[in-house]
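Naming follows writing order (A, B, C and D), and every chain is counted from residue 1.
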Amino acid sequence: MNIGFIGLGQMGVAMAANLLKAGHTVTVYNRTRGKAEPLAALGAKVAGSVAEASGNDVVITMLADDKALEAVALGEGGIVASLPKGAMHVSSSTISPALSETLTEAHAKAGQRYVAAPVFGRPEAAAAAKLFVMAAGAPDAVAAAQPIFDAIGQKTFAVSETPKAANLVKLSGNFLIGCVIESLGEAMTLVGKGGVDRNLYVEILSSTLFPGPIYGTYGKLLAEGNFQPPKFAAPLGQKDIRLTLAAAEAMNVPLPLASLLRDRLLTLMAQGGADLDWSAFGRLAARDAGEG
Amino acid sequence: MNIGFIGLGQMGVAMAANLLKAGHTVTVYNRTRGKAEPLAALGAKVAGSVAEASGNDVVITMLADDKALEAVALGEGGIVASLPKGAMHVSSSTISPALSETLTEAHAKAGQRYVAAPVFGRPEAAAAAKLFVMAAGAPDAVAAAQPIFDAIGQKTFAVSETPKAANLVKLSGNFLIGCVIESLGEAMTLVGKGGVDRNLYVEILSSTLFPGPIYGTYGKLLAEGNFQPPKFAAPLGQKDIRLTLAAAEAMNVPLPLASLLRDRLLTLMAQGGADLDWSAFGRLAARDAGEG
Amino acid sequence: MNIGFIGLGQMGVAMAANLLKAGHTVTVYNRTRGKAEPLAALGAKVAGSVAEASGNDVVITMLADDKALEAVALGEGGIVASLPKGAMHVSSSTISPALSETLTEAHAKAGQRYVAAPVFGRPEAAAAAKLFVMAAGAPDAVAAAQPIFDAIGQKTFAVSETPKAANLVKLSGNFLIGCVIESLGEAMTLVGKGGVDRNLYVEILSSTLFPGPIYGTYGKLLAEGNFQPPKFAAPLGQKDIRLTLAAAEAMNVPLPLASLLRDRLLTLMAQGGADLDWSAFGRLAARDAGEG
Amino acid sequence: MNIGFIGLGQMGVAMAANLLKAGHTVTVYNRTRGKAEPLAALGAKVAGSVAEASGNDVVITMLADDKALEAVALGEGGIVASLPKGAMHVSSSTISPALSETLTEAHAKAGQRYVAAPVFGRPEAAAAAKLFVMAAGAPDAVAAAQPIFDAIGQKTFAVSETPKAANLVKLSGNFLIGCVIESLGEAMTLVGKGGVDRNLYVEILSSTLFPGPIYGTYGKLLAEGNFQPPKFAAPLGQKDIRLTLAAAEAMNVPLPLASLLRDRLLTLMAQGGADLDWSAFGRLAARDAGEG
């Protein structure tokens, strides 16, 4: 396939590299051109503009937030203005369901196809082509994008025919991880004050009730209190909880746990935690118990 | 080993049967004698009193709550009064750290040994000798009890030299499970109202971020809304959250999530949910969003 | 003074009438012209456009929300475009501090003066010229507007030299009232289930600890469960809590009580309460306790 | 009337003095005899034992907590054992509804009368005979006690025929005050960070929406951050919230605000606040916003 790829952060670079490895023709674009060079070395073409990257069968976006994607997709010379009729936009960024809906309508009006395909997985998983893809959109479009998903991930879930549903699932994933961080923070404070070694506790949890990467990874971070450099910085986590609350509010869904996470993240930011990994809010339970 | 076993509920029967299978001599006691019969068929002796069951090297208790264990251990003709000097009480019930501390002192004063050894695992795990044992007490006592733990479980963790720490870890486990239930209840309401099939959502979660039995099991219960018959009834869950909050309060540890779970469980009870599985409180998020 | 008055809802009509009674020359404007007629009968001129109403020494706005004020103030032919140099905009609407800041800058740039002057008081207080005015802006501008405040209110507080601070105080007032509603809802559920008559309870509270209108008024509403017709409809209360949370978020201030109010109001809306007085969310505590 | 009075703390001394002034014959008892001396100077008899103080028409108790009242009322030589048949126990302490119920039964069995009569008001109000009395019990008993209430208070409310209902109302009052403290703490953080002077803000609130002593008094304490010496120490406030939650739990009433207050007070205690006025927890909102 001829694929344009816009957004070369840690995740995007890894995903584009795997598309190249799978034999696709990939034209990459990034605002800061330097980030494209490692991919050029792997055979990517480097586009000078969004419009140039959009002159393909498919353009994939992997950008930081709503604002960045809005600029790239809806602005002058943007994707909607440049993508050929019948071509497809695969949006993998973590964005609001509201923006996903706006894009659904804009692409439909322009005779283009739109698939929301956010992913679960950290940069290491992206590098190993082990992402999980939450795909949503018209079934034929999702089917057509399958070779892309196969190149970047280990499994694809067809979440819904409505693109924004995939964005909701993605947001809910980060919300659930946030709940794990808070609950671990509280539980570790309790058992820690009761004399149990925090690292042993994490080992117990992750080898009994809670196998899988989340409890182990975040438990270790919390036990060691080591939040720098951030793997996923606090302002990004805060953004995702904000998007979750906004999407929930639009549907009249109260989420008391998301409200708690919001308040914890605000406290973290107020106390100077903008440079820390977002999981640092999980130490506030200990602070409230007079520890640390 | 000559072992007394007191408390033949679903868990206790399975544990005692595995001790017999492992070749130990087991004398069982239950207030309702009928529950002892299947074990008699497997070779157990049936004691007529707590005192009789306590005339062994080790007596294990697996009872419903603090009150039951207090009566059996500290009452007239109870374990403390009947256990030989140097013999050991292994307490596997889910009880308060405070009672565990009381027993630690009472047994020490009587020249007996005391190990707290609560377990993770539902009745099926008990039957399969696949429990996880959280053991705490004097190291030589924990070591002496190891053959017992090997007979009933798949792995033992030596949590601490202070018995009550194991009870705290056990309570924290149920607290963490409660947090999973609440967070799943909220997330499923959000994505469900957004058009995602709840069963598909559970499948996504348990095959990506959250492998392991907890998310899958409780996710399915919540997706199907099927809470009868209860595997772990609401009043038992409520009791564990109450014990968690009390233990936390004694150490000045605020646990906002446990407070939320407490309020949810009170709502469930107020609305007639005493006969349901405790996970039924996870549907209150949907109700608050106008669904169900 | 020659005064333009834009926004003739229940509050605005009463305020404009009091300005006329105080001898000011008042030119009124409302999108729906019919609302201006009772004031014309009292001697008001009726303007055909925002621009016409803005051709005065002072223009006062009393509109429903940010969106309405933005349209009137910043749109084509709006206040900023029409107000003479040196003239003043007095903004009494309950709006976001962010919009107040935008207006402060826009008016400064246009050589005009801007005073934020939101008020405390329901329509009856407005009719009786008994409002409390929270005024903020340049001291000379606030002083120049004093005759206006004297005509509509019983007391003026000079809150700050920064206009948006007055908007923050106004929002905080509705937030505090929301907290009273929730706390009364919980307390009345507790004593009510314990056998105390709810009306007697409200009488006790308002004649002992909590004199003043808020506890008595809302206590009575909650005791009687009578939320129609709304004096202040649920969506308006929800809007104010949303603005409060947004203003707080912009300053990294977590407000757990505002988060709780937000969730309660979402529940109320999800269950069909959009037509009720906002205090209806105060009954959710009773519902959670299995009553009503 | 011949009145025994047990419990001579700040409140009790003032109440007993007012009974003497009203012409009653008062026999006082306190564990620490020295506290009785100022009252002896006013004409009180000083009893050497609880039993001696109980040999009267009425015995009034004003003690610190459940434990103290239990010892005095139900112990050997206690009130129930010593009070004549037909005589009355008026219990003014802030105690649990559960203990009030126990006393109701014990006195009934002994042929004695029991009235719960907790009061609203700080020591200054007690000294000025300006307390508010929440009385509950058999109507003839409450009527018989009226001369006592007239001597110590400005108004009596006949809350219920069930004594414990008065204790519930008393607890609910402290709960509502706690809610005011938390809401003020949050609101003051918000407006304070937005540039509004905190003392001015308290003045605005208490002269507009929230007249009466509570908002003004606690607002001032919070604005000045001056919590020593305590008028009502943190552990006492914590005890009252604990009793409120326990009474609510017994009736399946979730109280999310009380849960929040509980967590705030635990944090205050964990951070060394046991010697502060309980309102000090109202500063935690500011701390969470990075201030103080």
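Annotations
The definition used in the following text is that a contact is a pair of C-beta atoms (placed from the backbone, for glycine too) under 8 Å apart; a residue touches a chain by one contact, two chains touch by 3 or more.
This is a predicted model, so every value here is computed, not measured.
Contact with chain B and chain D alike is made by A, C. Chains that touch both chain A and chain B are the following: C, D. Farthest from chain B in terms of Cα centroid separation is C. Chain A and chain C have CA centres that are 40 Å apart. Between the Cα centres of chain A and chain D there is a gap of 54 Å.
Computed centre separation for the pair chain C/chain D is 38 angstrom, with centres defined by C-alpha atoms. Across the assembly, chain C contributes residues 248, 252-256, 260, 263, 266-267, 270, 288-290 that each touch 2 or more other chains. The touching residues of chain B, counted against chain D in their complex, run 242, 248-249, 252-256, 259-260, 262-264, 266-267, 269-270. Touching chain B in their complex are the following residues of chain A: 97, 120, 132, 134, 155, 157, 159-160, 162, 164-165, 168-169, 172-173, 175-177, 179-180, 182-184, 186-187, 189-191, 193-196, 200-201, 203-205, 207-214, 244, 247-248, 251-258, 260, 285, 288-290. For chain C in complex with chain B, the touching residues are 263, 266-267, 270-272, 288-290.
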